[in-house]
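In what comes next, chain A is part of two complexes: it sits with chain B in the first one and with chain C in the second one.
== the complex of A and B ==
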């Protein structure tokens, strides 16, 4: 079956994809690692002396790095479970109704297809000091005594970005969890009924184990997404005040393109990629362990 | 009887929760549209209103955006880049998926594993070496210079999704054509491609969204106004003056969202099936 012509044709089909993959993904990864070991900046574009672990030492000694590292971790720890729990909750509700299911699904998916730039600007506008939310809290509900400067302090600025992240992610979780819920065998629920399980018991002992694969998939995808947060931070706080609301990527970007410290940025990127790799493996292990 | 009442109550609660959640959920979008429909005069209208006064409703923001040739240029730039990206990604990704899904060997699973592993690294992480690469290849500040990078970002996901579909094509269909003496290219073009077209369609919709809304990379490599894509143009509007003209920003945002929402509403089925396939299988 696989004669010479066919082998060549297989190679021909692989070639374009392989070329793009090697050139635009694999090469940059290798290059990133190399850059992280060199003293590379705007001023030394031509000479890039090998510098060993200098960049890594500088990253770990940098207080701002630890600030933005904590910010990224907090962002991920809040938005990932937030999206998953709310998305699963909506999916369970949708799974139980007969009418308007598609309508609800379409509307709840709209934030997902709204671009990050647009969604971030809308949230910035709402949370602005003279904006709608402050007016509502102060003049309508009378719960605050004045305008709160949401975007000007570390945790409230990050909170706005996190609320946006959760708002934008619920729809995605809803769709994949709804699909997973529909795959859980119905007879398991009937068996649980006979055993006298209540609805919460059924959810705990039948639904959750039944959608474990999807939970793992969402966990890994969303963790990557959490570390990838960039546009919303840039648009909502711009890292202000004094990089207190920056995340790993916005700080990396600042170091690379505003100060020209490419070596530092590369080392930071690599630390981040490694962190994510370990987390993904860890999450995988955790779910596998629970399997057995 | 008691049971029936219980389930009616439960159903009612479900609908109430969904309706409430959906309203809260759509508030930001409604506020964006309502802001785009009011006069652009004041920096911040005070007191702010969620709905504009009926007599103050105006299309002046839309008039302004649509009277600028810049907007059409940005729109065409985004459309051209997105369409070329999804066509290339569909062709390249389906060919890879076909080979990796139908001709299993140690080498092909190794390659596939390698492709999947790179998906762990968030795209923006590689922006520094990719910027250097773009400079070397003379792709900086070129509209079509965006395309190879976008294609390379969506290829792993596309290959992963289409491969699952290729694997599910029944063996008998494939074997019949091998016996008829068809070669690999013929089987790919005549049998695998048509059968995998739903997967390719759903992947292409996602790829379109990715390219249409991409911001960090385009913002880094494109300088010229005439080469900007829509997200860059919107973000630029926001930072341009000391006082952001929110009416213009949101009018342009609404115009940018219209094609996406139309595609989504009409292709809802592909969207949901594609996502479901990825999530349930994965």
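== the complex of A and C ==
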């Protein structure tokens, strides 16, 4: 049993951390939720009258919201599996080699530490209407009869951001999966060998179940990351044409800081947080179903 | 015992010294936020010439000038308004003023400053129109700019066309200049880097169209008037025919395209001369006024105003604002490329010999975009509508009809 002095000691020791947590995490969330219930625009920035669910209604009635929501979902659905599959693939390859393992790890990890801004600018340069890719396709390989406007339409513009997202994410997945692969007990592989299992069979029946926890972790982290995409979109298309390539965060930023609709942006952030929450719960359930 | 007395005496002495200090006149500090970039000649002049001169004239006032990035300053003021940490005075983009006014954080100068009329008469009326919102004036014009036509001399000569003076000539010239160059690359007669009000308004106004009623309360009947529709249709047709580009994400950036002879003409501000001199010193170009239509030759006004926030020390802030818009400060800033709005400074030789002299004529007839708080949302709607129109998704008339009713809602 803890006595009174002990309890006070524990509380005293927790206080500094707890204070920081309350001030910088709990308070902003509560305040943001309150903002989402207030009419907070240029005309009411200082008074902030209570407006109930007005902002939420406006978010759901907004055509652009649905466009950017679908964009974020598609971005996540493409980039998360893309990064995981390629990251795992590289990790499995690296796990099997004896020489130059560190060199390959570094090479694969380089995109992760490259700045988003610089990588986005390079991708923009490659995919510009008169960029490197069109030059190769048209002038070198002669497969297209002219320049393709990669960045100027909704899906091709988003596709460029998705390719960047996948390219930049492979390294992180590789590191995570490489660590997980090394935790899979070696004797299971030996047992599988005795049972006459091939390499693919071993991957399917030993490796994948062995790293399930890591897969779930990566899945949730990357889903959150996918919904948080901002820099690449802002730099590559800037949401053009007419917000068709905006995602939830770029649209939220636009609404808050370009049009002063902080209430709308706050409501949007809660819609996004709830969506992510539901998705994470779904992902946990899915994994647990597999378990049983 | 004596130690205690000593301590007491010491504390007493300290308290006396501190309270005596409070009796003296402390200089007032005016916080001035601006977006002259930190490394620029403007900032240099502000910090080393203007502020020392002002402080010498007003020994009881200290100026604490803080430089921000343009976009950061806007966002910072929004956030500071909430947390009650606004500066006294700020240099604001003219587009921000209606928002700040609607937030109720600006001081109506014509109501509070007895000598306002006298001060404002020293400044250009077109520039002062940017700070008149709903019947009151919330800032002093600080510097201004507008856009004029830049044309690539060699490209016009090669195509055998002259500089367009009217909008009919303009459409024809843009068409004649477009096509392919000797290397088989596509060239465009006109570059327009975006489809916002800043880009489209000069066409709408020069074609004789309008955006809003004079009292800025109604868009239907103005934004979808035959003149506005005609302006937008003419523009969209040229885009469709491959004669205008620049607003797509994948397009060649404006300066590069103009410098390398891919864009023959563009409507741009005074900063473009410096950019071209830096990046493409060899390209030969000329400048001309916006081609005239039934509405005249009407370009769009840009620039900055200097405004006072409601939390300011008003007397000191007003002194500083008068100083910044006075002849001395405006002439000093004119040396760094800021186009003055002070009439006396405009008459000075500094301005007459400056690179931006051709812009002065454009500024006299140029118009400001609507000074309404919802402008950024309205502008966004305009961009979306223009994007849909130029891509052929919808006709100019129906897009503008729909936009006009949206604007009516936003103006309520």
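Following the convention adopted for this analysis, the second predicted complex is superposed on the first by the 276 of 292 C-alpha atoms of A that agree within 3 Å, B and C clash if a C-alpha of one lies under 4 Å from a C-alpha of the other, contacts with A are read in each partner's own complex, and residues count from 1 in each chain.
Methods note: a contact is a pair of C-beta atoms (placed from the backbone, for glycine too) under 8 Å apart; a residue touches a chain by one contact, two chains touch by 3 or more.
This one's a predicted model, so the numbers in the text were calculated from it and none came from an experiment.
Q: According to the stated criteria, A:275 is in contact with first (chain B), second (chain C), both, or neither; which is it?
A: neither
Q: With both complexes overlaid on chain A, does A:131 touch chain B (first), chain C (second), both or neither?
A: Touch status of A:131: both partners.
Q: State whether A:157 touches chain B only (first), chain C only (second), both chains, or neither.
A: Once the two structures are laid over each other on A, A:157 reaches chain C alone.
Q: Between chain B and chain C, which one contacts more residues of chain A in the superposed model?
A: The partner making contact with more of chain A's residues is B.
Q: Does the superposition put A:236 against chain B (first), chain C (second), both, or neither?
A: In the superposition, A:236 touches chain C alone.
Q: Go through the superposed model and pick first if A:283 touches only chain B, second if only chain C, both, or neither.
A: A:283 contacts neither chain B nor chain C.
Q: Could you say whether A:224 touches chain B, chain C, both of them, or neither, answering first, second, both or neither?
A: first
Q: First (chain B), second (chain C), both or neither: which does A:257 touch?
A: Once the two structures are laid over each other on A, A:257 reaches both partners.
Q: Considering each complex separately, which residues of chain A are in contact with chain B in the first and with chain C in the second?
A: Common to the two interfaces on chain A: residues 128, 130-131, 257, 262.
Q: Help me check something: in the complex, which residues belonging to chain B touch chain A?
A: Interface residues on the chain B side: 10-11, 14-15, 17-18, 21-22, 25-26, 28-29, 31-32, 35, 43-44, 46-48, 50, 91-93, 95-96, 98-99, 103, 111, 115, 118-133, 148-149, 151-152, 155-156, 159, 178, 183-185, 188, 209, 212-213, 215-216, 220, 231, 234-235, 238, 246, 249-250, 253, 256-257, 260-261, 264-265, 268, 271-272, 275-276, 278-280, 282.
Q: Contact residues on chain A for chain B in the complex?
A: These residues of chain A touch chain B: 1-2, 5-6, 9-10, 12-14, 16-18, 20-21, 23-29, 31-32, 35, 90, 93-94, 96-97, 100, 102, 104-111, 113-119, 121-123, 125-126, 128, 130-132, 135, 139, 167, 170, 172, 175-180, 183, 213-214, 216-218, 220, 224-225, 227-228, 230-231, 234-235, 249, 252-253, 256-257, 262, 265-266, 269, 272-273, 276-277, 280.
Q: In the complex, go through chain C and note every residue touching chain A.
A: 71, 74-75, 78, 81-82, 99-100, 102-105, 247-252, 373-374, 376-377, 380, 383-384, 387-388, 391
Q: Touching residues of chain A toward chain C in the complex: what are they?
A: 42-43, 45-46, 124, 127-131, 149-152, 157, 236-238, 240-243, 245, 257-262
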